[in-house]
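Got some structures for you, see below.
Look at the two complexes coming up: chain A is in both, with chain B in one and chain C in the other.
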Partner chain A sequence: MRSWRKGAGKIALLIVLSTLTATLGGCASGKAGQSDLSEITIGIPQDLDGLDPHRATAAGTKEVLFNIFEGLVKPDAAGDLQPAIAENYSIENGGQIYRFALRSGVRFHDNTEVTAEDVKYSLDRAAGLGGGEPIVAALSKIEGVEIKDAHTVEIKLNTQDTDFLPYLTVAIVPQHIEDLEKQPIGTGPYKFVSRSPQENVVLTRFDNYWGEKAYLRDVTLKIESNPDAIVMDLQGGSIDMFARLTTVQVDQLSRDQFTIYEGTMNLVQAMYLNNAEKPFDDVRVRQALCYAIDPQQIMDFVSDGAGTELGSSMFPAFTKYYLEELNHTYDQDLDKARELLTEAGYPDGFSFMLTVPSNYTQHVDTAQVLKEQLAKIGVDAQIQGIEWNSWLSDVYSGRKFQATVVGVDAANLTPSALLSRFVSDAGNNFCNYSNPAYDEAYAKAYEATNDADRTHYIKECERILSETAANVYIQDLPEFVALNKKYTGYTFYPLYVQDIAKLRPAAQ
Partner chain B sequence: MSQFLRRMRKDPYLLTGTILTGFICLLVLWGLICSPYDPTEMDATARLAGASSAHLLGTDHLGRDVLSRILYATRVTLWIALGTVGVGAGCGTILGALTGYYGGLLDETLMRIIDVLFAFPSILLALVFVSLFGTGTSQVVLALGIAFIPSFARVVRGEFLRCLVQPYVEVARLQGVKHMRIIFVHILPNILPMLFSSILIGFNNAVLAEAGLSFLGIGSQPPYSSLGRMLSESQAYLFNRPGMVLAVGFVIVVMNLGFAFLGEGIKRWAK
Partner chain C sequence: MRGILRKLAGAVLTLLAVTLLVFLAFRLIPGDPVTALLGTEITPERAAQLRAEMGLDDPLLVQYGRWVIHALGGDLGTSYSYSMPVSSMLAGKLPITLTMSLMAFVLSIALAIPLGILAAKHEGRIFDRVLLALCQVIMAIPPFFSGILLTYIFGIVLRWFTPGGFISYERDMVGFLRYLILPAVAIALPKAAMAAKLLRDSVIEEAGKDYVRTAYSRGNATMEVMYRHVLRNAILPVVTFLGMALADMVAGSIVVEQVFGIPGISRILLTSISNRDYPVVEAIILGIAGLVVVANLLVDLLYRLLDPRLREA
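Take a look at the complex of A and B:
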């Protein structure tokens, strides 16, 4: 009997201990916070894929290199392009010739002055004009770069394109540097100090910067590869800032210690439908789904109501093109949805496969709420989670899917970055959307020689996408940034950019 | 049955194993008969709510009742464990019996294939099969089941080799009893206790492997849940709602200990 009791006690202890081990296993303590406000540690979600600004492809790398390198022009916080290395520019011959007057006194981080030769070298390198493939594909439109005088550079395109300026944010690099991977020298407000793979990247303020100098002197970018450690590291003080947190992570941070900035991710989250696949080849079915769902309810569930409703493939950061009224093309109306389904020959609804990249919590959660909403009109969405690489190969490239929930962002601030994929024969038209009226409107927008006409046709494209219910548009996801109260000044960009130079110590 | 009860009084392992497994079975029954809520029902007004009389264990980030989800997930996990071990033990026993009994070229070929399979960790093997069959509960059962075959085949083959030289088998052979009858009627019942305890260990491995696969997002698909997926979901709010991780972790631990003790108890009893 005694041994029996001893055994039971041991077993109870074992249960408690193993439960604790299972739950506390992931905890790790952070270092104590620094007191010197001239430095800051910022958490970034992944290591950089390179330091050469022309070759870097990951958005997470580009947002860091934004602080080190600059182009002839550079976006500001409103998304407008401001002259940077160039002092001013003019566009001539209907968009075939771009002439830049260089700013004098702009220095590289090694204190050599930027010359017209450096500009020509950089553009030639990125556009592949010295032979070989262009490193930056979009720059293949450049026919030649000509040095007019010591302070003037002229870029000639092989076609007319009045919308080419955003591509000229491409980094200007010094001609005398052999290997940019080892010596990433640019003209930005911060210069590169060191890098430890999978650990950190260290930057320091460049004191001879031509523009408004950065406030904080030393910046360490710490790689936080384990998303579960982010909240702990923020609270423990080993990082002072982290961008793109989820609502769940934000809820766990103390408001006394952190300022939470709320912005939008600048992407179009939608249930993208394969327009070539039954039953979504029928416009009535697609419209029925649009009438069945309620984006506001999705936002309430997924992010406490934060987020911006969308009605077409355009998000509000494009102030000139965004059409808010399209959010109301399909206000929730279940009767209308059922009616449309009956008309299309599905009076009892149907079942379809909803493929979701399982690493994106917000998309998986959205899919679960969609499933509930669609069930009300008898449509059964079977959720299938797949890993991100399979999503890219099967859904995005292979187009083997019925419907998927994902966010599509804009590679640069031109509306074509969002709209070109819906042209019938576009290579990245993963929704297989095909509509001659749309193709025509899109072509007209890009043939237009004046801005008013172009804006008109771009809005026309948005309206067509909305009216034909190309996809079930949901929202522009909210983005949360946590910044330690010791600092202030975080600024959102309508692009994938972290501008460290704007951060400053909070007034004591 | 009365034998079992008598044995239980003497052996704390068998007793705790039975109690813990019984507790899990009660959870499953509770979920089947009177689950407090539909496990997929969402409530926007009660997201991440704490424990209350309406929601005994609170709600998750989509306002779903955690208790109902745990009851449902326990059932899913238990079914996956049973199915996996069914496939693994079923095929493994047949393979092990044939190779152990006949020996020769058949034995050499099959055992070398099994050795190769053994070289891979079973979770890795399951991952390969999942990528072949696709994701989903029954696919996971099949994938894990196949990954479990080698270990069962090994155990059964060893036992068969041991029994083959026993006098009762030799006598049966000399009497000209048919091979199949010797395998299934003379030898198999004699190795059952050994097999049974490996089956219970297999249950545990299956529960953990499924938790691992679901944790990676390739087991059961949302909005439905298994214990592993729930654990993975709940770690996101470890700080403001630690109760959910603890509750799910507790059920997994109880289930595993229950099977482990039951297996150990039966093994001791057989001796």
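Take a look at the complex of A and C:
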């Protein structure tokens, strides 16, 4: 009665076996081609938010566009500004006039030569001089750009500012290109080839580059949106380099296969407080929090002790302005912290919402340690993880928050990039910090006509932020870069930059 | 015929409801495309200017109505974050996800049907028991986990493929298909296990019914009884299951694509959600919802084909 099953069973078994053989056989020969050393694949954590260098805002985009576009000047690895499209420059009239002599023979990626008209067009465009809002807010100081002769351009500011040069790293783009999103043509050592959303961006070496040419010819920037896949992709060889790894990821990589470079991220990680919101409108409460926490413990937990302690809104890459002594304004002292809380009217502590962008592991980890440390003085931090876009709209623009852990970086190499946001009426003062003494010191720094005075007042600003405990300052996060041993030459910048042109094959 | 028409109308209404829901859901979560685009360089003036340019100032229903009218005309809009047409953005990615899902689908049928029959044949014996236990375990392993496991074994230990590697179908069709095999296996395994178990139970039940004995007694050959009578009846619940599984596989590929680093629609979908890139999200959701509806219609049609009793209804 059950005899029908015999024949059917044989056929079924045959189908299963042939399916499995086909599947596994296909895998066996699915090995990717061996990589050639004239090319490299670099993993990047997110896709570019645009290709127009004036409109791009994400730090992760700017660090890539650094390889494609250049300004009149560009930063070197030491953080000094070097002439790029300009051959030299002079600053006149106490910093109101910036005169640039253009380098001859600089070519765009479509091989047209850079002219004074292109320079004027680019600056006008970024500064919004043709009408409309300036695309780059900081350039609103430019009153006019004048072409003196075919090789000289003069920029006039509406105020004296001897510290304006770092803003002139703004990209020079060709006037004849309609849409930079589609044709991102610059003068940098690499030119754009193609992009595929959420997959990759392909660059190739620009052989007519005016300066030192890149070593590697073809560069693929592969978007690694899944952080759990990064280590496997490095080990498996589908990417050769990844920057900003966590210590956990670094520990999983073999030192035989990878060189690990350690630097700092050049940002100010802090528990930023809403100074307008109770209870953080009371300086004693803010100070109590500073006394309660120990940055070293945070660094030990988050990245095995790597990182640099900070005591104010300035990181050590700004060697001229960084004040190490501010790290000791509040050495951990729990009794003092409790005392200050009692004085402020919170003898039993209080509870507050600590908002953290959950896509940043380091900030989330930091918040965990902060919670533990604050619990010791009776303060209860309720951690709330939100996604980045909500953070931008609620915390950063909406200022609807009590406290948040993030890292604030410097958009360019000026101390004002870090300090201007604490001026009472600054548009990006998301902490609602308001202090007339600070506003005065900051104004004096930018009115100062000589460098010594300016430096003095900038340091004064840092001191005020530290003494009034504007925020609970923690650290400059460590940065780990893994580079496959087949390559060498990774170079850190004091800015958010990946200089691909410096990478080269390791000596065989 | 009227039944089919009614079903089609229902399908259109379903799609409208789903897209409207997505549209409304986006307004409930904080942030909009403008905050995503401007990031930390946002100023109220620039935000207002951009919102006006993008038409985000209009009332919600006006925006939705505009989208529906354009979509009906085949225009899915322009991505906010990539400033390129959504259709051309997805055109390069959709074949990847669909190929992968289809491979998974074929694979699960190719595994489930023979294994189900085989287990039924050996009912209660060792093969059947081992297979049942195995199915139970595989059903419990989510694809993202088996994906990580497969990547580790075949990528890191055996080095049969490069983890995270991918070859575009435009460059090398064979290489492309090879890189999709493991993800397809990861998606297919739990579905295959479920379908195999379902088929086994169903076949055993049918084979025990009286009409089978009658068929034998009328002198039919074994294979004929099996394929003309038993399987035809036993396969009905499996068809229903596989129809739903097909849509589920496309949706489930979202997680698996992340694990294997396959640049299909999933990454676009996820990043578009966090960038509040409504046009892209709407287009993808429309696609997935459409697939579910089509799969359901196909199951209905297949039912009518397999079971003459339903043709009258």
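Side notes on the structure shown:
Everything below uses one rule, namely that the second predicted complex is superposed on the first by the 470 of 508 C-alpha atoms of A that agree within 3 Å, B and C clash if a C-alpha of one lies under 4 Å from a C-alpha of the other, contacts with A are read in each partner's own complex, and residues count from 1 in each chain.
FYI, a contact is a pair of C-beta atoms (placed from the backbone, for glycine too) under 8 Å apart; a residue touches a chain by one contact, two chains touch by 3 or more.
All of these numbers come straight from a predicted model, not from anything done at the bench.
In the superposition on chain A, A:P197 contacts chain C only, with no contact to chain B. By the touch criterion defined above, A:T57 lies against chain C but remains apart from chain B after alignment on the C-alpha atoms of chain A.
In the superposition on chain A, A:E387 contacts both chain B and chain C. Set side by side, chain B and chain C differ in how many residues of chain A they touch, and the one touching more is C.
Applying the stated contact rule after C-alpha superposition, one finds that A:N208 touches neither chain B nor chain C. Contacts of A:Q252 after superposition: chain B is touched, whereas chain C is not reached. In the overlay built on the shared chain, the residue A:A367 is in contact with chain B alone; chain C does not reach it.
Shared-chain residue A:S90: touches no atom of chain B or chain C.
By the touch criterion defined above, A:S358 reaches chain B but does not reach chain C. Overlap of the chain B and chain C contact sets on chain A: residues 3-4, 7-8, 11, 14-15, 19, 23, 26, 228, 387. Listing the residues of chain C that touch chain A in their complex gives 29-32, 35-43, 45-47, 49, 79, 81-84, 89, 92-93, 107, 110-111, 113-115, 117-118, 120-122, 148, 151-152, 154-156, 159-167, 175, 177-179, 181-182, 185, 207, 213, 216, 222-223, 225-226, 230, 258-261, 263, 267-268, 270-271, 274-276. Considering their complex, residues 1-9, 11-16, 19, 23, 26-32, 46-47, 49-50, 57-58, 132-133, 137, 181, 196-200, 222-226, 228-229, 232-233, 235-239, 387-390, 392-394, 396-397, 427-428 of chain A touch chain C.
Against chain A, in their complex, chain B makes its touches with residues 12-13, 15-16, 40, 42, 44, 47-48, 61-63, 134-136, 217-218, 221-223, 231, 235-240, 242, 245-246, 249-250, 252-254, 257, 261. Looking at the complex, you find that chain A touches chain B at residues 3-4, 7-8, 11, 14-15, 18-19, 22-23, 26, 228, 231, 246, 248-249, 251-252, 297, 300-301, 304, 358-359, 361, 364-365, 367-369, 371-372, 382-387.
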